[in-house]
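In what comes next, chain A is part of two complexes: it sits with chain B in the first one and with chain C in the second one.
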Partner chain A sequence: MVLEATMICIDNSEWMRNGDYAPSRFQAQADAVNLICGAKTQSNPENTVGILTMAGKGVRVLVTPTSDLGKILACMHGLEIGGEMNLASGIQVAQLALKHRQNKKQQQRIIVFCGSPIKHEKKLIEMIGRKLKKNSVALDIINFGEQDDGKIEKLEALLAAVNNNDTSHIVHVPTGSSALSDVLINTPIFTGDGEGGSGFAAAAAAAAAGGLSGFDFGVDPNLDPELALALRVSMEEERARQEAAAKKATEEAAKQEKGEGQPSGTQDAMMTERANVATSEVDNKDDENALLQQALAMSMDDPDSGHETRDTDMSDAAADDPELALALQLSVQDGTKDSSSQSDLSKLLADQSFVSSILASLPGVDPNDPSVKNLLDSIQSQTEVRASNLSSQQKNEEKEPKEDEK
Partner chain B sequence: MACLHDHSCEDHDCSADWSLYKHIDISKVTALNEAVPGSVKSVFKAWEQRLSSSEEHLESNEGDPELLVFIPFTSDVKIKSISIVGGAGGTSPSKMRAFINRDGIDFSDAQSMQAIQEWDLAENLQGVLEYQTRYSKFQSVASITLHFPENFGGDTTQIQYIGLKGEATQLRRDVVATIVYELMPNPSDHKAQAEGGGGLSHVE
Partner chain C sequence: MSGDSASAIQRSQVDLVDFIDWSGVECLNQSTSHSLPNALKQGYREDDGLNLESDADEQLLIYIPFTQVIKLHSLLIKGPEEEGPKTVKLYSNKENMGFGNVNDFPPSDTAVLSPDSLKGKPIVLKYVKFQNVRSLTIFIEDNHSGSDITKVQKIALFGTTVETTDMKGLKKIEDH
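And now, the complex of A and B:
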């Protein structure tokens, strides 16, 4: 949303008749100019854009910086191709036009389309670049069309002379199937120095790419924020569920080695079931409550999953090195102290009254519903089983170091 | 710490004189040809800190000693004198030209326009020199632009401190703040006389 006055320098030299950009170089350039004008005026209503041509009989200003998009588009009609591009004069005239802009608060920017060979010396180009930098004018260079030796070098030198804190850019557009405008949309020339794409650019990108690319879930957050939010929330829930399921699978593999097997797995399953209960309620409530439940489910997931990943790591390491196994077990004894506090949390959650009070606050759940009651019973039994297994695990670990010492 | 006055600084608080920096609209201060954008804001500080070089200073681009500093004020001020502390090694500015109440001046304008006053500066690393203005011309200053065209031979020009001495008035030069346009007069806005019978008159 930077307040900017832009002058666009168009190359209408003989080299623009070539058809290597569809339909012709000049048409591709005109389309790109239209898009740029639209993007600039949309990103800030007070932005102004002007146009000048560099070839033909001489450098000619078609329209001085104005915010009237119609005037700009109208002047693009009836442009004639011919002559040779005069880059130095073009940039200098653009700088003069910007100097006399009406609103002195606007930042100055020049966008140059460079499609034909540059006949000036590199030194002259660099001097022009330095003068632009001195007067804090930013410069965007679009290099397309004819490539002769030295052109890229001169343009890079120009960019280096002008560039002040990355406000100036250069884009090289090779010939190919994609249009000039499509290539430009993804560049900083459109997206404006890392502020994030303007709405215009994003919408144009979506239209150009045929609808779905560029947005998550195929929905424009600008158009339908609630739908986009709901889609994102459900994606995260699904991912959390899948992660929990994956952890459960690795858990079972690990626990079978240690002889613990099911309880942690079902503990995990209980947690995911609770997450499922919570998430099934998402559809019935508004988004704010949904996110709250989501956060609750996630926080219940996290302490347990942290505990379980510690267990998995331990089992893998223990297989390799007995001394390492000893050290790990000593550290896990500290860990079980943590897990005992976590089991306090799960005890709290298993407390029938607490859980039923939470569930009562969910509008779609009736605590007297038999399926809910079954779930609560299973939760309670699981926590009892888990508590007993934790204590047995502690006993096992106390035994194993003694065995190792022997 | 020597002063231009012929008394010692303990009696007379010099820093109170150089307090116009408080009336500078710092967010709108700009400079042309500065190497680091935004570094110009660091040269406006209190008199006591004028020599502290810990913060960044204003430096021009390599090989180009010209600098242009635009200073807007929050209210109209009267400027009595200006003090400049430059950098060492020939990077201090050697000339200063001032323009009053014009914004949007760039280098070509500055070179062609007649300045309201010009000074030849000396290297003033200790910050003891001040340059007096023709006070009658600096009576209601809303913004001042300082142009430093040359330096003492260094590759760049460095400025550590710009001090302004003078008075601030409470006036503002840009007159029109809020205007209300009325398409039709609203009598309730124009109750000048006493209530009851003052506004209406009828012909019998």
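And now, the complex of A and C:
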């Protein structure tokens, strides 16, 4: 969050036509510039960024330091490639532009993209570096493209002359796989001297990882950060619950086989179990809708507690696809708040033919399996018991979910 | 301007260190380990081991804003004989000066320090030029030895405030 005025020096010399960085060196550079501008303005709204080109007919300032991102991006259009890069003049003009910045409280920084050979002497470069240091201007150097002997040496000498307390950095980007922008995102140029990544950088990294056009959940974190955050948090909570559900289900299975008939009474176990019942309906459900509803259901008190012991073999099938399982539970659970509809459900389950047909459709379950048959018997007996114990269980339910969620 | 002895200083002058606005104090080309508070702040400046040192070359540009308007009477600079400052230019009420534009304006006053002054003798300035000072810029142009590093042990400013003169704050200025 440092208040900073930045001048970006772009190399638009002939060497930028090369395609060793996809799609061309110049385009990769332009993408990186866009990212940097965004990151700077995001990290502190009062930051200003300016751009100048070093090659072409001569050093030309495209835009003086401004916080208007649109203006900055617009000036990147229609840039022509040609000529030779003049590093010394470029840096000096950048320094001058920074000197005349409007808000004198801003720290001064120059970011140089260096993609072509440097024709200046090392001594001159060092002198420029010292002058920058004297005027407390920080310098970031991005070395890419042409590598001739002496270029790296000169740039390292420049960095050594400028560097004051690690405020200046150099990044070498080799040709090859990843884009220029991707390499830069992990560097201190973006993460800002150890402050930790700015939110923009993190989001940009996520976007880059997932394909440049895609944002998670179709929401641009930059446009609506709160919504994006809420969606992300709820998805993670869901995933955590599903994992817990799968775990509990396997635990339940172990308990059941040992002959313990204790009701575990966890919501997760119940959901997993119910999911098995309605597996056949899976294909018809809209996943997004189901997930949302399921989230809603979780927050509501679940009155059905009687099914917890019935989830033994079925839990395996459910564990294979916990998301679907939960979705099903949800769809089944709509309207199961009333005890009347509950008894409907239990009646449904008690209907053995229905249950066995469903079991047949489940991938991992063989209806003729003796353990499954035992299960079905237990279901029937339990249903009758449960109807009478409903009210007492309801109270237990309210307590148990709270314990689970801790 | 004369490098007079301390007897020329009037007794009513006050050490202006209390009126310095520390939030706006800046120093260009200072070394990070040897920074301005070493020379300016009460306590640090008395310690001759703690110096303000220059970094890339021998020049230093110090900007000192004040919390209220003051009249500046005299200046005291203490430094080692070799690397202590030689030519010191003072600019009154000029903000945000850089090494580039330091030669664009005539200084309000210039002081050439002798090795004698570097021992801590106050230098009387052109009082008439410093009647209404909101901020002071001190430009140390070179040092005695000509080396790349200029060292300053103490900088003290003496004068009076314009609006109020705090009678309790008036202290006798000892002869050095």
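Annotations for the structure displayed:
Note that the second predicted complex is superposed on the first by the 210 of 406 C-alpha atoms of A that agree within 3 Å, B and C clash if a C-alpha of one lies under 4 Å from a C-alpha of the other, contacts with A are read in each partner's own complex, and residues count from 1 in each chain.
We take it that contacts are C-beta pairs under 8 Å (C-beta built on N, C-alpha and C of every residue); 3 or more make two chains touch, one makes a residue touch a chain.
Only a predicted model underlies this, so the values are computations on that prediction, with no experimental measurement involved.
When both complexes are overlaid on chain A, chain B and chain C end up clashing with each other.
By the document's definition of touching, both partners, chain B and chain C, reach A:Asn135. Touch criterion met: A:Asn164 reaches chain B and chain C at once.
Residue overlap on chain A between the chain B contacts of one complex and the chain C contacts of the other covers 99, 104, 130, 133-136, 164-165.
Those residues of chain C lying in contact with chain A across their complex are 28-29, 32, 55-57, 59, 95-96, 98-100. Only residues 32-33, 37, 61, 64, 66, 103-104, 106-108 of chain B touch chain A when the two sit together in their complex. Residues of chain A that touch chain B in their complex: 99, 104, 130, 133-136, 164-165. Against chain C, the residues of chain A that register as touching in their complex are 99, 104, 130-131, 133-136, 161, 164-165.
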